[in-house]
Amino acid sequence: MNHLSAHTIDIPALLAMAHHPKAGAVVLFSGETRDNSHGKEVSYLEYEAQEALAEKMMADILQQAKEKWQLNVAIAVHRTGKVPVSETAVVVITASAHRSEAYAANRFIIDKIKHEAPIWKCEYFTDGSKEWGGNCNCREITGDVNKHVYEFEGK
Amino acid sequence: MNHLSAHTIDIPALLAMAHHPKAGAVVLFSGETRDNSHGKEVSYLEYEAQEALAEKMMADILQQAKEKWQLNVAIAVHRTGKVPVSETAVVVITASAHRSEAYAANRFIIDKIKHEAPIWKCEYFTDGSKEWGGNCNCREITGDVNKHVYEFEGK
Amino acid sequence: MKIYTYAILKDYFDKEFIVDEQLVTVQDLNNFLSQHNPAAATILSACRYAVKDNFVTDDFILTTEDSIHIIPPSSGG
Amino acid sequence: MKIYTYAILKDYFDKEFIVDEQLVTVQDLNNFLSQHNPAAATILSACRYAVKDNFVTDDFILTTEDSIHIIPPSSGG
């Protein structure tokens, strides 16, 4: 499975792969480009990845999720290149017998990808400026580039 | 918006409606028929609804979610009639600026629908038997038909 | 008054039927139906009652013109 | 050794370049690059280093044949 895509992610096709006769619950997360960031109007995002390492880490993250929860399906695909407003930058799909596992695993996977996978967003604004943005800054809290504060562990 | 559907739910069409330029996160839940229940092989499910009340309650639940969280989109559709294995019985889609609201609202909506909306599942097994199934039995815990134990309140 | 039943209740009652007895409240209707069909008493005690697309409480006063929907515990999703 | 940089690091360094200095560990490389380009010191201290598709620690011993990928903090999603 290829976890990176240089072209529009075909969500209906991925969802069609996510049905499973033992799965009563399918959860899909789509991370999409917003029209604003840092108070400025966003024109588009551009994603860069260290592809070999990103592929490997995304496969590892899905494997970790499968070891933590009983999943029938675990899919993750991240865009590279230009992603216009309202288009999908990343999609995560999980399926399991019951819904609480599918939700929990889905959050785990997206949090891990955002904090750990070597993928970077550059925001291009309508005023012509650009900014490498929204970096994981957990190191400022944890003091370690390999220790993160995950949303899925909160609340 | 019609919250009940007697025919296959067109998930790609609903997802296409769920993009929003202010929403960075779209979460979709699809509840699907499993091939087994109570240790027996399931042939299909059949859903019945008190339609007027179910429509009204589902609209109310979506409204409650919009008051609790900042949502750009909140959609819920439940099937009536026969739903074969691996097909969608219910779909909930939420979209918000950031993902934690979209996940939380999604769980809230599906939990409320399952416990409160006047919709009933009958399981038809391959051995020819049938069973009105999986009823909300919160009353045995809460002592009140109007008080429920919601998953979204746990953990 | 006209009674509508759903889902598992249809194993115990007709889908629609008329009750002519003089019954004052929802609780009275529940008691009447439970006596009429004791096998349904347990499930009836778990049901909600709706009149004009609103749930009503046990002390709701019924009129002969009312249509009463008896709503078993939900099992959607 | 050959160095590859990504994302915001490309505002400070070439995308690929060769380092000929005798550097023993990843920490030495980090120090060397920070001295060479002080404006990049802060971002470099937040980066991870990868060799052969594996992250390596600060005390990892480098060889002249290594390709070293300097990985800024993730900002995917």
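Going by the order they are written in, the chains are A, B, C and D; count residues from 1 in each one.
Heads up, the rule we're going with is that a contact is a pair of C-beta atoms (placed from the backbone, for glycine too) under 8 Å apart; a residue touches a chain by one contact, two chains touch by 3 or more.
Predicted model, so just to flag it, every value in this text is computed and none were measured.
The minimal number of chain-to-chain contact steps leading from subunit A to subunit C is 2.
Counting only chains that touch, the fewest steps needed to get from subunit A to subunit D is 1. Put simply, the C-alpha centre of subunit C and that of subunit D have 73 angstrom between them. Computed centre separation for the pair subunit B/subunit D is 49 angstrom, with centres defined by C-alpha atoms. Mean C-alpha positions place subunit B and subunit C at a centre distance of 25 Å. Shown for subunit C are the residues in touch with two or more other chains, of which there are none.
Shared interface positions of subunit B, defined as residues touching 2 or more other chains, are 31, 110. Contact annotation for chain pairs lists A-B, A-D, B-C, with touch applied as defined.
Residues of subunit C that touch subunit B in their complex: 4, 6-8, 11, 46-48, 50, 53, 55, 69, 71-77. Those residues of subunit A that touch subunit B in the complex are listed here as 11-12, 15, 19-36, 85-87, 97, 99-100, 102-103, 106-107, 110, 151. On the subunit B side of its complex with subunit C, the touching residues are 31, 47-50, 52-53, 56, 78, 89-90, 110, 113-122, 132-139, 145-146.
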